[in-house]
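Following: one structure in structure tokens, then a few remarks.
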Amino acid sequence: MTLIKQMQAQDEFVGFYLLKECEVKQTNATPPKDYLDIVLCDASGQITAKLWDVSAADKETFFPMGLVKVQGLVQTYRDKLQAKIQRMRKAKDDDGVTITDFIRSAPIRPIDLVYTIKQVAASIENAEVRTIVDFCVAKVADELMHYPAAKTHHHAYYAGLAYHIVRMLELGEFVCKQRPFLNPDLIKAGIILHDIAKPEEMTAQLGIVSDYSNQGKLIGHIALASGWIVEAAIRSEIQLDSEVVLALQHLVLSHHNLGEWGSPVQPQMAEAVALHHIDSLDAKLQMVEDALDTTQETEPWTPIIRGLENKAVYRTKL
Amino acid sequence: MTLIKQMQAQDEFVGFYLLKECEVKQTNATPPKDYLDIVLCDASGQITAKLWDVSAADKETFFPMGLVKVQGLVQTYRDKLQAKIQRMRKAKDDDGVTITDFIRSAPIRPIDLVYTIKQVAASIENAEVRTIVDFCVAKVADELMHYPAAKTHHHAYYAGLAYHIVRMLELGEFVCKQRPFLNPDLIKAGIILHDIAKPEEMTAQLGIVSDYSNQGKLIGHIALASGWIVEAAIRSEIQLDSEVVLALQHLVLSHHNLGEWGSPVQPQMAEAVALHHIDSLDAKLQMVEDALDTTQETEPWTPIIRGLENKAVYRTKL
Amino acid sequence: MTLIKQMQAQDEFVGFYLLKECEVKQTNATPPKDYLDIVLCDASGQITAKLWDVSAADKETFFPMGLVKVQGLVQTYRDKLQAKIQRMRKAKDDDGVTITDFIRSAPIRPIDLVYTIKQVAASIENAEVRTIVDFCVAKVADELMHYPAAKTHHHAYYAGLAYHIVRMLELGEFVCKQRPFLNPDLIKAGIILHDIAKPEEMTAQLGIVSDYSNQGKLIGHIALASGWIVEAAIRSEIQLDSEVVLALQHLVLSHHNLGEWGSPVQPQMAEAVALHHIDSLDAKLQMVEDALDTTQETEPWTPIIRGLENKAVYRTKL
Amino acid sequence: MTLIKQMQAQDEFVGFYLLKECEVKQTNATPPKDYLDIVLCDASGQITAKLWDVSAADKETFFPMGLVKVQGLVQTYRDKLQAKIQRMRKAKDDDGVTITDFIRSAPIRPIDLVYTIKQVAASIENAEVRTIVDFCVAKVADELMHYPAAKTHHHAYYAGLAYHIVRMLELGEFVCKQRPFLNPDLIKAGIILHDIAKPEEMTAQLGIVSDYSNQGKLIGHIALASGWIVEAAIRSEIQLDSEVVLALQHLVLSHHNLGEWGSPVQPQMAEAVALHHIDSLDAKLQMVEDALDTTQETEPWTPIIRGLENKAVYRTKL
Amino acid sequence: MTLIKQMQAQDEFVGFYLLKECEVKQTNATPPKDYLDIVLCDASGQITAKLWDVSAADKETFFPMGLVKVQGLVQTYRDKLQAKIQRMRKAKDDDGVTITDFIRSAPIRPIDLVYTIKQVAASIENAEVRTIVDFCVAKVADELMHYPAAKTHHHAYYAGLAYHIVRMLELGEFVCKQRPFLNPDLIKAGIILHDIAKPEEMTAQLGIVSDYSNQGKLIGHIALASGWIVEAAIRSEIQLDSEVVLALQHLVLSHHNLGEWGSPVQPQMAEAVALHHIDSLDAKLQMVEDALDTTQETEPWTPIIRGLENKAVYRTKL
Amino acid sequence: MTLIKQMQAQDEFVGFYLLKECEVKQTNATPPKDYLDIVLCDASGQITAKLWDVSAADKETFFPMGLVKVQGLVQTYRDKLQAKIQRMRKAKDDDGVTITDFIRSAPIRPIDLVYTIKQVAASIENAEVRTIVDFCVAKVADELMHYPAAKTHHHAYYAGLAYHIVRMLELGEFVCKQRPFLNPDLIKAGIILHDIAKPEEMTAQLGIVSDYSNQGKLIGHIALASGWIVEAAIRSEIQLDSEVVLALQHLVLSHHNLGEWGSPVQPQMAEAVALHHIDSLDAKLQMVEDALDTTQETEPWTPIIRGLENKAVYRTKL
């Protein structure tokens, strides 16, 4: 079975893949004919594909997010690889394939990521901070097991959000050791809470974001999370004008650093400055790591990375 | 009694004024001598003033926000007018002067402004919208009677905030008539709520902002008001993910229009677009009106107005 | 007859439409075949359409801005609706259809709009201001009856320019009442003159702009209108350095507010500040209203609106 | 007699200078005393100066733009040189000094500069272009003899405007030779007209701009000159929509290149692109030349030059 | 033989052309068929072309940068001209055509351009400056004979880089005459060195840049040339901290003027200010000249020019 | 002895301090009198001070960077503390005070910092990378022992540069462990080299930068360090176009991330992305830590921090 990342022009292949997208379209022919415009993916990457001469049965059979067995041919179309599907059928129970094997996932099991997050939350010494963090984590307990951190930007895969949080927590722990003037409770809380409302901002399945929610577009995850802190405080009878609520709201609200990046206030506490930079360091390095991972090893340059000022990244030979 | 706005270089004057600022400083002389560095104001404007050769008693006597009787001389210092104080004493009960006569105020009585706001709030038809608006207005019932809308930008005087809201409500009513596709409840609610957390953002007395609060600097009035809507919904058992909460949070969060102006999301509802432009129209025209009002009528140009791209305004002769 | 706005994929339809665009193109087939690439429109919206297998006669028959009777089928092409034309013929006299029924128009009759504008112009008290306004309005007397206010931005339909002016005049009248320090003559004149040279800037037919003129690209409507004021003054023997010419030129030149938006000077008169904000409020709200109007009512979001920072607008359920 | 440029701290000096600015101010002493706050200048530069212990007669005697004989001492105040005036009297007829010897001037006689400009104007082949250029030059015939090109930016001295035009004409002639596809008439006309309305934009005496006029602030020299072209065309019965008027207006309107620099349209003719760059090259090099000229030769760095992105310039030893 | 620039829709043509690009692609047909996607060029311009129904032999025969004889038909595809190739064969020796006749070239022979550059280099009086310039020119002796100055921006043709340098040297000589305070050695050296590392930045053949090199993307021609000056100094035993090395590095490093345009320092020497503006003047005018040259003379407007703020240029009728 | 950080208005104090700045100035009195305008510092902070009634002997005695014993009084001048010096004498040998006790220093001994840097350099596995790093470190062996990392921005104290490097090396080591795809040699080399040319960019004594050098202003530390890598390669016979030279130059050139921050190329290698973010995280947190350290602990807000978007930082009470 051929991994998508390894497909090259003129390759013939047979294997199981996930139908990430699948839409009936019409050719330009006269009269136009129906065909299926498809995106196939596996854990190594994705490729567009076409099923020409589609039958009425095909249109009833194939839907996004289903597993299929495909026989096809890799072609080049507009400088990109594209598969021409010769045969395709739905996967059956006795094929022994599982959907989660075909999606990109964080390299650590979701259950372990969420366990780590909860352990760190439990280690927060200030009871009010801990209560608010627990309240917010509980709100997205299910989603943390599988949500990506973003639609395409970075950590855009199964459990990417939890993975992003865990890596940041490691960095945060190191920075707190290096700089004892930082309050570890606030660093931990800031990291766990900063993107906690992303699952309300986006609709995602299997680590793939299909859309932003109305809440996401009209309020945004930053103000949503800030509102959750208010809600947590009210439900737990913590004073809304307490230092804890002030600090936690500030951490969340300022973590994008600048107004043009969506933060209504700029970092003005040591821990907020740290949070923004830890977030940025982790997100940018992950973008680079993911781009290199999904680029053929023989290619010296990745495709352009939008979150990196539209620059491609060079794979040094050293 | 000379109005400050009418003072000219070389004028001698006697009158009652408000000590807006009053600080003991030292001259450059050797050895340095103490003097009082003062800002006098009345309803027509303000002027810096010096009381040289200050006695120990003087230092115990004069404090900011007190009324004083002053005899002085107007001089020019660095191209600006400045009063040299020759005699000064605190106002006494039988002088018959009242502090509110000496500060700039909205041209309508605070009690009438607040009454209007409450009437409009009561006219909101959607019960949930009305409940949330009432909750937030109740939070600042006292402050609405006297808070300015900003430190220096616009409506920076006694009850300036309430005045700004009332003028916007008039405009909003007109625009709703012109464009019936707008939801008047949301326009009313958006106008009343958009700056409702300003009293928590700033510390003000007699319409004069002395400082921003920690809440103001670290959270900002936009996210504060968004949090109040969450709080109002919880206290009134309105669903946090309801359309009403969504719409009201969006109106408040987006009213500064752009990220660089402090809005974490941009207007994406018709009423949010209207709210931003009504706010902008009222604030900018008020800046201009205030600048012309406090500039001597013989002067064709006002001083530079920061909120107007640092432009001065020309008083047309037409 | 099916309104274009109501067409859905797989619909069959018959009806009269306006051929807004009509061009002979070649398919990708080998050898390529000719087809007609068409945009059909009616007052409710527009849709791209294809007439495959086009005959020599067809190519002689169909031209832009003609009315046609069409039988067709709605398909989906690249996520957008597109009509496949099965039969098409030119409209005949006895079909009883009129071209102006098939274009988007201002909701008020052009003749009434122009009448209102002239009435307001006549109500200007200052004789020199009135003379200049009349001169400029006379220059575009015909075009005011049908020109749009912009190519795509806002009020892009039959008599959109006059409609934009009239709505602004209503707003201007209200603002003058609210703020008596404003000079109503200048507000009226500024509103009527601000976009008065648009018909020289663009070439439009039936409310549809096909191109910008050389004058439009090399001088622009702002400097053109400023030149008309000079011309009006010379022809009417008004002093070029008079306060009236100064004020009117300033109003026109500054109404885009910022250099990057095309204004060589920024608003520096109260009336110029008002003009910019009234223009902006009316244009933005019209964009939103038009976008909502031409979006199916079941759709919660409009398409992206370029003039609104590329944001879509949400149709609140309240 | 000591040139101002050569003055160094602790120097005593006697000589004639121009009182560029002279204002009565008060010291911080108690009671404050009057003194004269002065700017002295000669053709080599300028220096601030103080006349302490000023008498009533002094205040009646000394005014800006008068010549004086001064005996003084150079001191350092806040890192800058400043003269303490020990004795000062007005220049008398028999002192044999002439005011124009004490101001910075273009290095070529004004009469020669203006002669050159008129010769070039006369050499324009297209009669309509020539007529319009002559009309506009005639409007400022007197001012061209002495106006500076800007308040402080560049060529800020006697006849600086004419000098700027003449140097640009030399460059323009060279560029036209290098690139025969350029129309020399338009290059000549563009250069002569581009800043022709500066004398209406600013009030200047002896090459020193004291202020911007209302016309300058509210219309700006770019739109003013564009209006003059309209006026010239009307007075000379040239069609307002002719190619000549179009081209000349475009040259003037676009010569600042970008909206944020004041041009409502960007250069879109070859000659307009050339004009902007010739203007820019000449203005920037003149700023640098003037800064080096007025900096002591032993100083390796000039003061910061605002028009050069706030950079100082290094005097290379090569 | 038809020049590409003169081709119009529906023209049939026969002639020799250069295959600038040639790639096998597949049609959308079912099953897809191979075709050749081609760019043909001659010295007057270029056109995309298709060879449908391509044979196996064709795929072996035609490669980029080969000369071919073509019989074809000009069609319109998506508003652009495109050639349909009816017959095509490789050029043969006895066809008497030479590849350099079919590419755009500087209007002066490369050998003459390089001769001029070397003559000017030899005329530099300062021995160290001359040594460094010679060293760097020697590094690209071969490439100067044919490299373009940029990929698409300006002077994008055979020997465009040398041509750009020579025109700038002419301008530089004129400016040095106009302003004797400039150091001609530095002007000459700056002009020759400013883009000298472009051949290391880009890969080009026959004046056509196919790609940027790793060095070009990761270091850029500005820092590369700055490194060459260091290298030249070391190899010639010139002090690295000498005034000459300082000045030459500064000229190269600052010639893009602003950080956002790639210069790590801004011009801070008179000659650096001159260099930037001479470069800019020459590059922009060349863009305009080239755009007008390659646009049909009957077209009043060129296509949009990216390096000119995305503006098209108008061909004045004067 | 009173630490400067602890001084409060009205305090009298006696102690040893460093004369960081000391200049003779004149009062505004008539006639003006000389006084010494002074900045006193110790390891805890600095304060401006005045010595009035200065004698001729005083002017000969006191110079910057000398230790003095001072008796004085703390006053408030323009809202800031300022010391009035009552008595002052130079420190004597038997006072037992050492200058390095009176300056702000990195919290680790310079000798240990430099030792760490050299150890890390020695641990680089790639011989060419190590050679180049060693060469550059050797160039500034002395300066590394005491240079600050910047004039005011961050790490502006004795050995601040070495301290910055060491903290970054710790972070870099951690990040390499977290992300094994990063090349540790390049991370180490990039961190050591990124600011290595700062000592050539600035003139500093005792950790205090007095000025930028000509090299610093005209070339900048980024291009200087890039040139050192070229020099190191030549001296060590490493190929200039080798992957090692490419990678090291890229790391240095791109570490400011954006053109407007001084980097001529943007990070396009994983290690370059890491380097920029590690640098940024360390610099920003150090600014915050230093600002909090030098602010009285009773103050909830630090002064504004320029490198932090002009924001002050709040000292949370948690």
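As written, the chain order gives the labels A, B, C, D, E and F, with residue 1 at the start of each chain.
One rule holds in what follows: a residue touches a chain if its C-beta (ideal position, glycine included) is under 8 Å from a C-beta of that chain, and two chains touch if they have at least 3 such contacts.
All values derive from a computational prediction rather than experimental measurement.
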{"item": "Set of chains whose contacts include both chain E and chain C", "value": "A, D"}
{"item": "D-F or A-F - the one linked by more C-beta pairs in contact", "value": "A-F"}
{"item": "Most widely separated chain from chain C, with each centre as the mean of CA atoms", "value": "F"}
{"item": "Cα-centroid distance, chain E relative to chain F, in whole angstrom", "value": "45"}
{"item": "Gap in Å, rounded to a whole number, between the CA centres of chain D and chain A", "value": "60"}
{"item": "Approximate Å spacing (C-alpha centroids) for the pair chain D, chain E", "value": "40"}
{"item": "Touching two or more other chains - residue numbers and ranges from chain E", "value": "28-29, 214, 217-218, 247, 258, 268-269, 312, 314"}
{"item": "Pairs of chains, among all present, that meet the touch criterion", "value": "A-B, A-C, A-E, A-F, B-C, B-D, B-F, C-D, C-E, D-E, D-F, E-F"}
{"item": "Of all residues in chain C, those that touch chain A in their complex", "value": "27-29, 33, 35, 52-53, 75-78, 84, 300, 314"}
{"item": "Touch list for chain A against partner chain C, complex", "value": "25-26, 28-32, 214, 217-218"}
{"item": "Complex contacts: residues of chain C adjacent to chain B", "value": "126, 129, 167, 170-171, 174-175, 178-179, 181-183, 185-186, 243-244, 247, 258, 266-271, 273-274, 277-278, 280-281, 284-285, 288-289, 292, 308-309, 311-314, 316-318"}
{"item": "Of all residues in chain E, those that touch chain F in their complex", "value": "214-215, 217-220, 222-223, 226-227, 230-231, 234-235, 240-241, 246-247, 249-250, 253-254, 258-265, 268-269"}
